[in-house]
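In what follows, chain A forms one complex with chain B and a second complex with chain C.
Moving on to the complex of A and B:
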């Protein structure tokens, strides 16, 4: 490991500024390509988070912790029985639960939605912000349209042990910077 | 020039670091890594050509860097830009399109102007500059160095070498021998260039 680091350091020292910028550019373009693919998915599905990882067991036995869910927003109205992903105001982490009640104005401008996890005892009012009894359209990020079992465990592990994430990115970055192929 | 030492003589004292001034001689940890071998030979060849008086055409590199970093900027804008998705749908769409256009331009430019070359130079001694490129077969140990005139691709000199001639078994590159080989090729290019110019002037 030490040898890898000293070798890498020597390689980087050999480069002049222009060469280093060139390699940094390559690294940046790789990362940006991945980002653009993600953004395209967002554009196509109309959802802020087109792919999410199920973080808790509240939807068992349908979805387990570590499953990946594919989301699509679509223009169709929210109906009971659909599994939706929503973001509460002021919280980052999206929640995946089922819609159990919908109240709709006749002219279709406003909806009140109540959700509940299949595996939970009570509805989600315990989760909503203080004083909030219903979800509205802007909270909903998408409906689940597909899933991949267990593949998302990697994300959960990376989140539980953040140094693993940084170590992985660091090593990959160094490998690209010193790659002599391109 | 006195720097040309046959590889055999160099093998007697591989532990002595740089008889030249600043950079350490190249040492590879893995002699089976084709990419690293080519990279090392290319790097030294580039130094030799530049030492011979050619200047790198930095405009090429500048344009690539400009296109590339603008593309990255477009990505940053898509990610950290103002507004919340999906309200800023059109802006994100614009960024993705801009990114695609810029990367396509970057690749086209690189392909047209550079080709496989790792060094493109500015006009020198009456020629319009050269492209220096190299080829190495996937499983062979033969390395072909090519110097092509930028204006007239038919004015090209190549030389073939066996890679093991230029590397010691301990990983150090036989600097002197390789530099001599590259210098020889560079001189032969300059001779042919002068000869051709001489013919034109008649």
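Moving on to the complex of A and C:
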């Protein structure tokens, strides 16, 4: 580890300004490509967060903590059985649960939706804001269409231990900066 | 040139690529799978039809299900989420869907349902008072949840006639 740090330091010292700027540009390119991919996914799926990590056990045994869901909003109206991600007014953390009741008005402008976690005993009215009986279209951020097990555990661990996240970003950044191939 | 970093980077990238391709291939085998489930479904009895507190109609019903969903399972199926719902149209609403009963099946052998005169798991409540004399459909729905990849849903609907014209 010590060796790695001194090596990196020597490498950085040896570089001239031109080289350093080139490498910094390289790093910037990586960050912006990631951002571009994310934003394009948002456009394609119509969902403001196209990929979510399951944070609770309320959908077990289908989804466990750390599983990844791919979301799509689509034009089709919400129907029962779909697993939707919704955000309650005034809350930060989105919830992933299954739709168990739908009442859609004749003109199609208004929809009442009730959700429930597969692993929960009762429906989500206990979870909703006080006096709220239904979710409406604007609460819903997307519906789950694809599933990838376990991979999201990485982000959960990094959120639980933020220093690990900073360390990882720092090391990766240094590696890109001192990369000799570019 | 062949530093530890490079070797590690190549190994991790290669592992990721292979894993992603395998996941896509595995999920796409489901597209070729054709299931032929055998389903009988019906409403047995309307035991009560009352005004719930607050003027909402509530029906107490029993139903029959005779379904064999074993052919839905593939090697990539983690579980089926199976449910029965009532569907009806009202003057106000084009779509009303109310889930009455559900079950999670994780093993292929257990995907056979024989329910007779079965009580609902969830209350059959209309948000208004629209259930009297209402034409109702029952639908058996199975959501296929994969080990990896695409989730999809299939259904079987039957018309079960009208609800009683008066409260009982």
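Things to note:
Everything that follows uses one rule, which is that the second predicted complex is superposed on the first by the 173 of 182 C-alpha atoms of A that agree within 3 Å, B and C clash if a C-alpha of one lies under 4 Å from a C-alpha of the other, contacts with A are read in each partner's own complex, and residues count from 1 in each chain.
We adopt the following convention: contacts are C-beta pairs under 8 Å (C-beta built on N, C-alpha and C of every residue); 3 or more make two chains touch, one makes a residue touch a chain.
In this text, all values refer to a predicted model and were calculated from it rather than measured experimentally.
In the superposition on chain A, contact is made by A:101 with chain C only, not with chain B. Contact with chain C, but none with chain B, is seen for A:175 once the two complexes are overlaid on the shared chain.
Within the superposed three-chain model, A:81 lies in touch with chain C and out of touch with chain B [touch as defined at top]. After overlaying the two complexes on the shared chain, residue contacts for A:167 are found with neither chain B nor chain C.
Residue contacts after overlaying the shared chain place A:154 against neither chain B nor chain C.
Of the two partner chains placed by the overlay, only chain B lies in contact with A:14; chain C stays clear of it. With both structures placed on the common chain, the touch criterion links A:42 to chain B but leaves chain C unconnected.
The contact surfaces that chain B and chain C form on chain A in the two complexes do not overlap at any residue. For chain B in complex with chain A, the residues that touch the partner chain are 23-24, 29, 35-36, 38-40, 43, 58, 61, 64-65, 68-69, 71-72, 74-75, 78-79, 84-86, 89, 92-93, 95-96, 99-100, 103.
Contact residues of chain A toward chain B in the complex are 3, 7, 10, 14, 18, 21-22, 25, 28-29, 31-33, 35-36, 39-40, 42-43, 46-48, 73, 179-181.
Chain A contributes residues 61-62, 77, 79-83, 98, 100-106, 108, 112, 118, 123, 144-149, 175 to its touches with chain C in the complex. If you check the complex, the residues on chain C that touch chain A are 5, 23, 27, 78-79, 81, 83, 85, 91-99, 102, 104, 106, 122, 127, 141, 143, 145-151, 153.
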